[in-house]
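Below you will find the structure I want to go over with you.
Should a chain be cited, it is by its letter among A, B, C and D, assigned in written order, with residues numbered from 1 in that chain.
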């Protein structure tokens, strides 16, 4: 066995950072050499993430976020920083020769998308072309050796993975696609205050931020990159009483009289042999519970021939395939490792 | 005060039957004279619905379902029987001069819809024209004095209430409307077995029965009755980890460049003064939690001008406005009583 | 009908304050004349408690807390203020001739108990003897006409109600009683931060603050006031994944070889005719779900003759019988009204 | 690497059987050679446990339970059969030279305990002395090479592990110990019907089967085996709204004026170096959430000197340390493997 790859996790105290360390501590070829955070600097990892207290890293003290220090002591870096903060540290990290997986939204779009959708002017627009959009099932070849990876958002992941093969196969019209999302509260991050209180989540289903959620242009761009077509997306996310899990239900116009079998076959063909994709057959609808704690995405397509609509659903664990797991899958690919290293596919159930 | 109206509840042992008795026991002008059930016959009401044990009805013994007996001892009857069972007992009840509110799907559609959507041939197609579709906010005038009321399904209620005023105002195109539904498990009824187990619902979001759910033609017909237009509906219901609550998110094509304000204004105008409708403003999205235990429906419409889509959302408690509460509202109207009698609008929260 | 009694709610923005207004708005002989809060002053009631938006009070603007103003515009006042704050405003309110129901812990104990259990020196120890401990099922006669009522804590309510009749009947030894409590998160109040986040409550059972919870001396004192005996209490509260509900399980030494029937009979005899007490029989264990939203307490006693232990369990809704509901029951009694006015006994279930 | 140990899982379709396969499929030195079940015979493993569909075993067809067949094709067997069924198949399995880990209660007690606590006469009382009670942290030396292991119940595991070191150290009196248990619904098994429905578990806390739960004599016997003392136990289990997690809170009389530090020190000393035991310090109470999916037990002891009571709490995942995980730990020890093989200590959180 060769030397272990040393990675830094900047932003280790949030839900995504904790999930990343949970995965990395069991990775056979990677070692965590830097753990850094903002508010948690000075605390031990175990005090911030008690579930990690039995790992050798549990006693490690979280450092302040310092890109130079990370560049000195690591070969690659995961950025779990807020939107707007990542784009400030990415240029110096790249200039130091680091491989960077950015889990924020800062490198997922075109420069002109940032003011309307994220509310800020991108500080490093010249670096945007270097970023590879990290959906491994669609862009694996570009990820090999990539130095800057824009890790996708939780909602775009199942939506794009479900729609792209059908668009490419000409089975969907490219006019408006309606994407209805459902998510558990962990997608809002740790510091989400009153809105995340048990008393407010319990027995509550509610839409939010429609139609201005920043995952809208990400879906459009991801579909364009993957297919060349340019469908417009309307996206409405909803919060449901769960901790983890994202389900996207996409409604698109059938380009011709396709059947459920044809749609299912196109998904099968696109993802044959891909270790994290499970295509569901009629009679067995996708279920976010089965993806909990794993890097699996469940996909399903149903033709409603009566109305000429394709219904394309996907389910993931938002903290794994929708964030930390996919980030690790991306780094595996960038490093030339087996993409499945360190990534669970078996859920703890019930 | 005049005499109390005597009502029979046939099918008192399910969730909807129990909810109906919860509401009726506090109604100032109605008395429950017959409580009947199938599997629970011979048990006390309190043993089947322990939450009702403090009411005078708690000790009442549930009788077998017997329409003749109900006709002898009641002035009106609520049918909380399974689909296919109601249509067998409605004709004799009507012939006895009873006022009937049917909570099954047996009188909500046209005769030809039953084989494809419900899997049976309607046994009394000649009685279908007598049935008034019981959405009081849209059909109040037809409900006054009605002798047979088809109480709407849980998903059609918020979907039709949200869409109809916008369709009527010409703000939506009448081509395909996509309806994405989310529901708590109580919508599946009491005897729903393994699928309703806590271990299977918890942390699970999953679509079901798409695109063949029987509420699809009900939405189409309800919209047609209310507006004269004939949009096609694609409907995908999803189960989320809650007991109560239905949220429908409808995606329709904007007929012209309407704004959110115009859509909101159309809802306001349609429901001004209606005691159970709450139209939500931008910044305050609908939330099923706020309707829990009440007969309130929360509605909201948002224009996504970018994609030319109207997003129309609605939230209800599926057991109240989506079943028992609306049934009682319908009977109130049929009897000429104040439609709010016995119907809560204040949720127990948190 | 005579004039309505005008009441002020000081501390209207918390869970307990909101619950109190939910009950008061349906009370036939009381009107809410003052709504005051600290952080919420200037907001409408509906913005703080959206479940109250359909009530006439929904649009009322919450005022700053001002005891003088309350004394001017109300006949009675409910204090839903933090521990330590109530005892500062009670003396002037009493001096103004107001009737006061205090929902904090400030008047539940003896002066010497405050430093060790609450961490402050009582500012008005001379007013403590005026306070009547408001457990209506045990102290109804002292509540009639009372001007200062110390509303009991959530855990002491079911524990004392279950134990007192058995102690009085000589069925329990008066040595150490172990009280194990379980509570939903609403007991921690609205502003309970990270610990109350859905992600931290879900799938979590954990004890807290043992053995130093301030309800320990309250149980001891309540039992002493009710029985004359002086048992020592050890109390361990636990947080469970629910919003509402308190269950106390008490373990005491059987004074003689009593049976479950004898214990049950003693509870029956003590509470015969009391409208909010439900004594459970063997085979039907208490269940907090059945008390949700109501002022009911479920009690049960079981003799474990094998070990000489009496097991005495009680279940309530902590926000109703454990706080706002019992406060209203106390005011009803103090005013000479029927104690059941405005207090539900039928839970919304499931 | 030597040959893999072949194991049979009899009773693979329940929650515990599924959890065992989840752990075994990742075990580096064990292979599952027989999967057998009763009602599920003929189905694939993945259809019964969808979370296992990504494993090589997912497509395996579950066989009928046949001890002879298991003996032919396996070296060791896990029995996940109902109480009363295990004791019928253990004798032939032992006679075939199989190593048996029995997860039922059939070999945990003395013969005379079965009629009063389990309701049947033990069919193989002569084999009871062969059974080693499988609490590895207390009986590791007897487990090495054991051929019949009685895997402990979920409640006895944390209760005995917490109490035994304190009893042995003379820190507790040996009179009555009160054990208050809280459990998620998965402890009731998969086929638990209406009582396990989401609608009935949600917002419900309730005791059950007190004081006659069969884990009572198991706690007494386990404590006797571990310490030589014979305390009497009163045990009241409670169901709380969670899927997984058991917390036991034990109340015992302090034998002398011990402090929390002394008690904590005794737990530390007893379990130093044990890989699955986490002793919690004051200020950090045990939390079942942190054990989810892992074989960890969290223990804590607090002295209430005021009442002379020791409070001893423990938390586990009932399906892992309380069942399948401990069973695998036991087999590891019996086979001379590292006891941690295949057993997670890092929870998926939040």
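Here are some notes:
Here is the rule we go by: a residue touches a chain if its C-beta (ideal position, glycine included) is under 8 Å from a C-beta of that chain, and two chains touch if they have at least 3 such contacts.
Not measured: the values here are computed from a predicted model.
With chains reduced to the mean position of their C-alpha atoms, the one farthest from subunit D is B.
Remark: among chain pairs A-B and B-C, A-B carries the greater number of C-beta contacts.
One finds 37 Å separating the Cα centroids of subunit B and subunit C. Rounded to whole angstrom units, the spacing between the C-alpha centres of subunit B and subunit D is 47.
If you average the Cα atoms of subunit A and of subunit B, the two centres end up 38 Å apart. Contacts with at least two other chains are made by residues 15, 186, 199-200, 202, 241, 243-244, 287, 292, 350 of subunit B. On the side of subunit A, the complex with subunit D involves touching residues 15, 18, 22, 25-26, 49-55, 186, 243-244, 278, 287, 290, 292-294, 296, 345-350.
The touching residues of subunit A, when paired with subunit B in their complex, are 176, 178, 180, 182, 184, 199-200, 202-208, 210-211, 232-234, 236, 238, 240-245, 247, 249, 251, 253, 285-289, 292, 302, 304, 306-309, 311, 313, 315, 350. Those residues of subunit D that touch subunit B in the shared complex are 15, 185-186, 190, 192, 194, 196-202, 241, 243.
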